[in-house]
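The structure's right below; bear with me while I get my questions together.
Letters A, B, C and D mark the chains as written, and numbering starts fresh at 1 in each.
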Amino acid sequence: MAEDTHRTEGDPAQAAWRQRLYRVIFESDTRAGRRFDQWLIGIILASVLVVVIDSMQGIAPPHRLVFAALEWVFTAAFTLEYVARLACVRHPWRYALSFFGIIDLLALLPTYVALLVPEVHALIDVRVLRLLRVFRVFKLTAYVVEYQSLGRALQASRRKIMVFLSAVLMIVLVMGTLMYVVEGPANGFTSIPTAVYWAITTMTTVGFGDITPKTDLGRLISSAMMLLGWGTLAVPTGIVTAEMTARRFSSAHPARTCPECLTEGHLPEARYCLHCGARLPSLHPVSEEPVP
Amino acid sequence: MAEDTHRTEGDPAQAAWRQRLYRVIFESDTRAGRRFDQWLIGIILASVLVVVIDSMQGIAPPHRLVFAALEWVFTAAFTLEYVARLACVRHPWRYALSFFGIIDLLALLPTYVALLVPEVHALIDVRVLRLLRVFRVFKLTAYVVEYQSLGRALQASRRKIMVFLSAVLMIVLVMGTLMYVVEGPANGFTSIPTAVYWAITTMTTVGFGDITPKTDLGRLISSAMMLLGWGTLAVPTGIVTAEMTARRFSSAHPARTCPECLTEGHLPEARYCLHCGARLPSLHPVSEEPVP
Amino acid sequence: MAEDTHRTEGDPAQAAWRQRLYRVIFESDTRAGRRFDQWLIGIILASVLVVVIDSMQGIAPPHRLVFAALEWVFTAAFTLEYVARLACVRHPWRYALSFFGIIDLLALLPTYVALLVPEVHALIDVRVLRLLRVFRVFKLTAYVVEYQSLGRALQASRRKIMVFLSAVLMIVLVMGTLMYVVEGPANGFTSIPTAVYWAITTMTTVGFGDITPKTDLGRLISSAMMLLGWGTLAVPTGIVTAEMTARRFSSAHPARTCPECLTEGHLPEARYCLHCGARLPSLHPVSEEPVP
Amino acid sequence: MAEDTHRTEGDPAQAAWRQRLYRVIFESDTRAGRRFDQWLIGIILASVLVVVIDSMQGIAPPHRLVFAALEWVFTAAFTLEYVARLACVRHPWRYALSFFGIIDLLALLPTYVALLVPEVHALIDVRVLRLLRVFRVFKLTAYVVEYQSLGRALQASRRKIMVFLSAVLMIVLVMGTLMYVVEGPANGFTSIPTAVYWAITTMTTVGFGDITPKTDLGRLISSAMMLLGWGTLAVPTGIVTAEMTARRFSSAHPARTCPECLTEGHLPEARYCLHCGARLPSLHPVSEEPVP
């Protein structure tokens, strides 16, 4: 998003080379740029696939060796690409700290860290997030924009959501403790954190069933929790739905005002004022409409 | 849907015979056509019932033989009907590739394929989809039309939904991998695909509970997933609800048509046509409006 | 609801007696009628409580005898009441076939049927449905009316909902069969009805987890089912929410029309037309408002 | 909320001291008051953390002793604070019976009661509810107000929700009993309360899976319950969403006030005051409206 423009200062030959590299790597409006993006997508997908298949049981050891080799090849390619990106932007730090800069780095680290801590190895497939760039390549930005605007609307009510979440956290802490006291470790509620995990599981209607109330009192309390949890669950659904309904309506009725009588609320296809019958200005720049 | 009209070319006697067959098989406005449809529904239901009962335990072997025989009878009837349909439409290929043409073929195949691969035998009851024709016979098309228009509206936002789904897929892949690393095969997260299946189970609040987090860190991560999964779940609900609310309101606005240019879709408060500016008849019987 | 008026024909003394009985049993505007209703509620609650407690483990046999005796007392009281109701209404059959008439009968039958089939004994607590009359006694009818109007609105779209439900039934039958073929009896999908039960469990996000996919292919199919089931789940939520939003708005904006310029959409508190400033007719019968 | 103002009657020196104490404890607009609130939050969080960690397995006995000591220190501090609060308000009883007064008392009791009944010890973390005061300290009241207004709106429809809940309770009682009769104690439905707990679990789509139907008839009934439970689940979602959509829209309409009589709440299209019929200023800067 906050990706930087190419570097131009310094030696002009190097600057030209950097600019060409920049256009290939960061932009997708040239043929080379588009081909680069397509190759990148292919390699990301192949690389994630290797990690996924590698995690599955029943892969013979010789194949594992091939997979390990492939992973190093992919990581080398991504490392090279990361260095190239750093080299051709004007403000490397700004890129490195941008959303995609961090994703690009995270996509490299697990392979190196796994030399020390083998367990994190599978985290390599965080590189699937690099596919978010795909939306740019496939001209899907228009659709992303819509979600971004929804996201911005929700972010504007960030504090309101925070208040809601902290209220929910207090409720699940109190309810979880109550169940911990009522049911006790013998029935699976081994500690307060476990009981809180159970309360969240229940309030969100996920209901795994790995821990369940066994006593009559515990079942009574959780029945009340489930019935009242409904209303709680409805609050975020209501926030998002109200936002979307408002968008649905406002996109159907863009504000148009009659220049004569100032009446508002005309339909997009309207050419004459619904109140006084005066001609409305066209919604579109070129407006040579025939006078009937 | 895209069903063809009857063949008329060629020998006139044969053409007449085809036309009669077409009216019986494809249309339901004659008595013969209606009776044919009713028989068809009866045979489809009987045939599905046979497959369902056959799958249940505790059916004595002699009955199984009867069921196998019945199934061949039904399949023979459907095969005959399929050939008849092909014979009487003008463009057999167009019918064969239409939605109902494919359903009709799929309803036959499993019996034949089961000779080679016995396991697929139960798939015969895909023929229940043939009942979709019922909506036509019972004059339910008006109600189907409404869902089709909702479907079209959702299909229009096909790409938007695709963006949403691919974002969800990325999230479940990353979350699944994280849980695979944290919990590991010892706690049931045997591979990344399994962990992704668990993540989908959790995000959609289905929560089977066949795989559940056992470690404290794993439970912390899944608690966060569940609380934040709420908002995600609300997005498709919001899309559908906003669409339906918009429809509910627009259906409350009575259709008004301009007497001059026949344009439709005026707002209730409109006094002049939005297209030609002509005076609209009032919504109310008495319309002598005073000039203010 | 469809309760009958009292009988008046026949011998006048008996008619008067019947009329008095009718007022006590069926109406609650006299003191005797209210006291009768309160006693009835008490007995119903006591009777249901007895059945519930009786079903719990760890009740000593001597208590069970007391419970059995109590149950016969309650049933005798209800039988007497049922006969009295039949005796005092003008059209006994019409009462017997009305909604509450059937409930009243069902509240008696299990005790008698349990003499032959002891298992049904617990069904006695269907008599809790008799408490629906409570809404009348406690003047809650106004709130019930609102749900009834929602119910009527949904009943008006009865066929639309039927089309939706039958589409859902076809989907779960086909998906269940597919899972039955893929997973097979060894993994818990013992028959097609069982697999359909599993599919309904999954589509509605209940997810008991008594039956779960074990193969990779089965998990892939059920993941797709869950992700797409979201949209399906949103349809009934959307229908009800759209209906309620429409009601919320229409109750906020009752239709009022200006008698001068026929402009609509005035707020309930409006006294002057928002468009031409003319005096609006009052919403309330007595309208001696001061002229400013 | 209903917290009292400081006491002023009696000896003036003591009154001044009380007033100072009141400002520190109950208000947060002085430096001392703010610091007091921050310390309080810190101690509450520490105290809850101690209880949570204490409940976890694998804490060595010596640490448990430290925790017990800490808990007594915290409880002593809270007891002192509670007494100080009682001492400085004018009407101690009114404070003691207010929402926060009760919470403050509940936050002390478990430690003392645990001397007699050790099990309730963990309930100490009900003191997390004291954090609700945080909203005041961090100036989050504006966000809380919004939820309070939603809460008030829902409370206004208290009886309507009560009718809904009692209808749901009747349904789950009848369905639970039916399943108790059909499945019986052998399949986990050991009593009617247990079966009702199962029915609530199923209707709210939580679906723990600790109790599940095993017979074909039981599975058929629960499938019907789940499919029809959808619609029921949609009702509270619909209530909350409709309320929020209405709020979302009314907040989109800017407040307009009549310059003559100061009446508020005019619609955007209004040209004349709905109360006194005076001309309203236009929503738009240029307002020379032509007479049509």
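Rule of thumb we're sticking to: contacts are C-beta pairs under 8 Å (C-beta built on N, C-alpha and C of every residue); 3 or more make two chains touch, one makes a residue touch a chain.
Being a predicted model, the structure only gives us computed values, none of them experimental.
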For this session: Tell me which chain's centre, taken as the mean of its C-alpha atoms, is farthest from subunit D.
Result: B
For this session: Since subunit B and subunit C are copies that touch, just let me know if over half of their interface numbering is common to both, same, or not, different.
Result: different
Exercise. Distance from the CA centroid of subunit A to that of subunit C, rounded to the nearest Å?
Worked result: 42
Exercise. Can you give the whole-Å distance between the Cα centres of subunit B and subunit C?
Worked result: 30
Exercise. Which whole number of Å gives the spacing of the CA centres of subunit C and subunit D?
Worked result: 29
Exercise. Tell me, which residues of subunit A touch at least two other chains?
Worked result: 193, 205-209, 233, 237, 239, 241, 243, 245, 265, 275-276
For this session: Draw the chains as points, connect those that touch, then say whether the picture is a line, ring, star, complete or other.
Result: complete
Problem set entry | Contacting residues of subunit B [partner subunit A, same complex] | 159-160, 162-164, 166-167, 170, 173-174, 177-178, 180-181, 184-185, 190-193, 202, 205-209, 212, 216, 219-220, 222-223, 226-227, 229-231, 233-235, 237-239, 241-243, 245-246, 261, 265-267, 269-277, 279
Exercise. Which residues of subunit C touch subunit D in their complex?
Worked result: 48, 51-52, 55-57, 119-120, 122-123, 125-126, 128-129, 131-132, 135, 140, 143-144, 146-147, 150, 154, 165, 168, 193-194, 196-197, 200-201, 204-210, 233, 236-237, 239-241, 243-245, 247-249, 252, 265-267, 269-277, 279, 292
Problem set entry | Touching residues on subunit A, where the partner in the complex is subunit C | 205-209, 237, 241, 245
